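Shared between the two complexes below is chain A, which pairs with chain B and chain C, respectively.
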Partner chain A sequence: MASMDLMAPPGANTGLALAEPVPVRPSRVKARIGRVIAGILGVLLLIFILGPLVWMGIAAFAKQWKYPSMLPQSWTLSFWSQVFSSQGLLPALGLSVRFAVLATLASCVICLPAAYAMGRMRFPGRKVILIGLFATNAFPKMGLFVSIATLFYWMNLMNTQLGVVIVQALGTVVTMTWIPAAAFASVPPSLIEAARDAGAGRLRVFFSITFRLALPGIMVAVVLAFLACFDEAQGTYLIGAPNYITLPTKMYALAVNAPIQSAAVFAIVLCIPSIILMLLVRKSVMGGQLAEGFQLK
Partner chain B sequence: MTTTATDSASSGQVDRRSRDDRVPGLQLSGISKDLGGRTIVHSMDLTVPQGELICLLGPSGCGKTTTLRMIGGFLTPDAGRLTIAGRDFTYAPPEKRPTAMVFQNYALWPHMSVTGNIAFGLKIRKLSKAEIREKVDWALELVHLTHHRDTMPARISGGEQQRVALARALVLEPQVLLLDEPLSNLDAKLRIQVREDIREIQQRLGITTVLVTHDQDEALSVADRIAVMNGGRIEHNAEPTTLYSRPRTAFVASFVGAMNWIESGPSGGGIPLQDGTILPSDHLSADHGDRIGLRPEDLLPAPAGTEGTAPAEVERSIPRGHYREVVLRCGGTELRSYTALNLAEGETVGLRAGRALVYSDGELQGGEAAGAGEAQAFERRAAVQRAVASDALDSGPDSGGSGPEPDPAADRSALA
Partner chain C sequence: MTATSAPPVTSTTQRPARNARAGRWGWLPSLGMASPPAVLVLIFVGVPIVIGVLYTLGYTGGLNSVASTLAVQTYPAVGAGPTLAAYSVVFADATFRANLIVTVWVTVVTVLVVTVIAWAVALYTRLAGGWLGRFISGVAIIPLFIPIVIGAYAIRQFYGSTGFPVSLGRLMGIDVPVWTLHTQGIVVGQIWASLPFAVLLISSGLAAVPDSLIDAARDTGASLARAVWSVMLPMATVPTVIVATFTGVGVMGSFTVPYLIGPASPNMLGVALQQTYASFARPQNAQVMAVVMFAMAGLIGAAYVWANARQAKQSAVI
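Right, the complex of A and B next:
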């Protein structure tokens, strides 16, 4: 523009300026509309996610709550004392933790080597296996569990701890393979070569470099797997009941038989271990490590 | 503390130097490699004397990185033999080789501090804590990064990461240092500084070094010798000055430095241009060929009408600081010249060529005795120029008069 001004005579200059309309900054208006829409969507999403939780939180303390009132007519703590004094709460919690830990460990032992192979090796059928693993999620769970139950009857695994662990571990296979595989795959080959160049043998390269760099991704998978096992109800119920009643299976029964308030209290109780676990791993999951773990290529 | 570290390390260097210097630091004989059904390296021979820095220079896909990776042990040759200081390492894995590599992207381990990165290889060698500390201090001192010893690699700049990678390689006191395009990720200014640092350290430690690059500037400025590779073969392996002034093939001539190409052989004791004008040359490497190469600094503009010149017009004149890059049109051919003269665009000058390299089938013709020192070549060139200068004075009359106005080129083209 400046050079144009210099070149054009003063009269022509004004004409030139008029011919070119002054921009009205439409971008700012657009940006504002965009922000409003994003805000509305955000609030809707928040209601969708938090709404049921809020309802659950209130219901746990409601004595009487009738439509269309937004809040209960009267409050009580009786359902809490009822749930906590009910038999088998603590043993159920203990069982839940035990099964979840064992199933997660089993899943690590089985899935992590597979994940390493998928992530770092090229072999025929690799893609098929990866997609196949994913496809297991396409079938209705209950149908699978029923056929598993038939198999377990034959193998004498019904109503055994091993059976429950197997059923819970099965549910984590996709998570425990896909995410660590991506984490292993994202370790740059040059870092591994540099370690070998420095004199590291294969085992040391694996533990000092490959595994260490994939660890954030593996941790994410382990946490997700643990939570999945901890909350698993259908398979555990089918295989474990009545000998092994975990918190989720207990709640499963409650949701059908007991007043809504008891189920709400139970659901809150069930949330607590998950929340504690989330808080514990928050640092490694949120501190950029989650993002690191998910650098998929 | 640091001084003792340096002392002990440099005494280590004395050991290295006192080894038999007649045994080459690195030798490749008949090394070949196929990858994906394509031959990447063709039966390659390369000898690097102890303590020399050799540059593998070439375009991407020429096999230079494959060669480096074979030296480092990341690839196994399909044929041939590779020895380091006389010992056969053809099939040894990287962890069993006395080589250390600086990777193109540095490949620093992000979960280890600078010290952790440098100490990694020493820990594997089961050195004592004190020894490791001493050596790490020495390496940090060497690359001037003592202040970053506890920093994580992600928190330092690219140039500093590069130096950490160098320190990590050098701390292992390798017999051969491998540098894979070490400067390609740095900005222009830093590149020059780091390459000087690398050269200085390499010479101080006297370490046999192979540097892979596609940047001819980098190769010319740091290497003792340059091996220009093309299509999996070494086309020319020579000292930088020889490589530049007498490139054995047309490929090498175009790849290293700028070159004006005239697509015809010499005639009439000069260089025939597009419209038949003969550009006089002080020295033609041979009388017969099919292609002539002229370095921009070998195109010598003079005031218009000067004896023994062809007329040329200045099309563009680009200031390059201490010199000028001038695009000249001479006899219908566009030629590029570097000159100290302050030429303006549109100006007419007289043009003469200094040394002209004549190629036939892509091979340099009359390249003088192969392996002759470049000092001699310069001497010869200076002598030739002196002779030509006096010749021009003597033979003034027969090339169309010595006045400033007449057009000698017209006479010459008429003669031709």
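Right, the complex of A and C next:
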């Protein structure tokens, strides 16, 4: 509901001339037909998006599932205990968390002050830096990783933890700079001036106004960055494998070799942190914090 | 709170000139604060790309020396001049050319389909609204919550030989093609993964079109289609270009989706790069493919910068 503020701003005439209390008959009928079509397309979209996930979710509990049946013939929970007790899950989880936390922290330290500067101050080179950061996204990921690997060989960073952390942090630079910068920029100057006029000190103004109002945007960036690191597979695979296998890179092997049930269980476990964290910032993401950050100003 | 409740006050004009307080060099601290991410990107994106391009031209020494010693074969430059030997070897390979075609095809189709679906979803939500609109756009956002490895794996199973469409077809006596391990499967996976970002951006673009403008067009007799075409489309061009460029570059450089869903060969360049680099130990050849990717992405990136410049100009006018 509130999450959709974006699509239907308060006071917006969401119905337009189409639906709502407009008394003209033909458009009523049209609106109903339109809604039926939209409903059908909506269901198709639902199957397209959720179908694979539901199918995988069922597989995680299947004991025997014979083609072409729509549901398993018999059910079991044994794959859950099997996956949890299997070797490799916990170490991989530990590595995933460690890399993601380190990379996110590093990214915060490096990017947040920069985001503040770019959001609230004017200085020569601001635009160049803002657009220059886009370089991390402008190059197709796998091509970039291969180029980085060559440098990493020379720097002795290949197959090291530091190497993985750098690659993961690199993937968060744009998110961690652009989104908080937009958030800092949208703090109304009048509020800050009012606080200054009322005698508040520089730090006080920053912490109780600027930072606080920008916090939703910063949180969105931090969560997105953490998840990007936690879920990052391709760079981690190229730089870290075979020494450092995180959960997502482990999934590469499982997807091809493991029985469908174990891979499905593993996949569901891996989804949990993403879903929890994304739900926390869902409102802000849907409210436009993400979109806002991607329009350079 | 949300960006909508407080109208985006990215006021270039009213931002306080507080930096001037320290006189001529007052902006230096700001620049200092802003530079760490730039330095990071310079070292770990700029340098690798420069030495990567040099590597493809045969300069196997210097920063490239360690990778070269690990390679089974390199094509070094003789003397000071560059050589295109690595390029000719890579382009002579029919597999590479097939991979290149697959990559371009998947990228173009994905960008088109994602843009169209995202527009349809965003437009319906904006114009009709209601619970159905909220529901549809909510559904389209779901992949954002799912790690890409998992989404790709789920799609691999779903469209596989024992997956849902094939099974359903079998039960109803229809022959449904298997998409997993085929190019179609890659496209499906790419669309699935790219949709949320596209819907979010285009929705926010359409939300920024004032109702009064649409109403005015309608009041003067424009049909709904006309109002969309002449009012909403022009005002949402920039987010659309952003979506197309980000999706294009993202799809082109992707590894997970084609690796898990695509066929062994021909597959997208992302997979070929990884294999050439790690499995076949031919970093120079992999780098050539990377440079080809960069060149294609360069065209897309130029469109993005152009779109942003255009937006900056627009907001300066308004």
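Some observations on this one:
In this text, the second predicted complex is superposed on the first by the 215 of 297 C-alpha atoms of A that agree within 3 Å, B and C clash if a C-alpha of one lies under 4 Å from a C-alpha of the other, contacts with A are read in each partner's own complex, and residues count from 1 in each chain.
Everything below uses one rule, namely that a residue touches a chain if its C-beta (ideal position, glycine included) is under 8 Å from a C-beta of that chain, and two chains touch if they have at least 3 such contacts.
All values derive from a computational prediction rather than experimental measurement.
Of the two partner chains, both chain B and chain C are touched by A:Pro188. Of the two partner chains, neither chain B nor chain C is touched by A:Leu71. By the touch criterion stated above, A:Ser208 is placed in contact with chain B alone, chain C being left untouched. In the superposition on chain A, the chain among chain B and chain C reaching more residues of chain A is C. In the superposition on chain A, A:Ala198 makes contact with chain B only, while chain C stays out of contact range.
When the shared chain is aligned, no partner comes close enough to touch A:Leu90: not chain B, not chain C. In the superposition on chain A, contact of A:Ala117 is made with chain C only, not with chain B. Overlap of the chain B and chain C interfaces on chain A comprises residues 188, 193.
Listed in rising order, the residues of chain B touching chain A in the complex are 72-74, 93-95, 99-101, 103-105, 107-111, 120-121, 124-125, 168-169, 172. For chain A in complex with chain C, the touching residues are 1, 3-10, 12-19, 31, 34-35, 38-39, 41-42, 45-46, 48-53, 55-56, 59, 67-70, 110-111, 113-114, 116-118, 120-126, 129, 131-144, 146-151, 153-154, 166, 169-170, 173, 176-177, 182, 185-186, 188-189, 192-193, 216, 227, 230-231, 233-234, 237-238, 241, 248, 251-252, 255, 260, 263-264, 267, 270-271, 274-275, 278-279, 283-292, 294-297. By the touch rule above, chain A contacts chain B in their complex via residues 188, 190-191, 193-201, 204, 208-209, 212-213.
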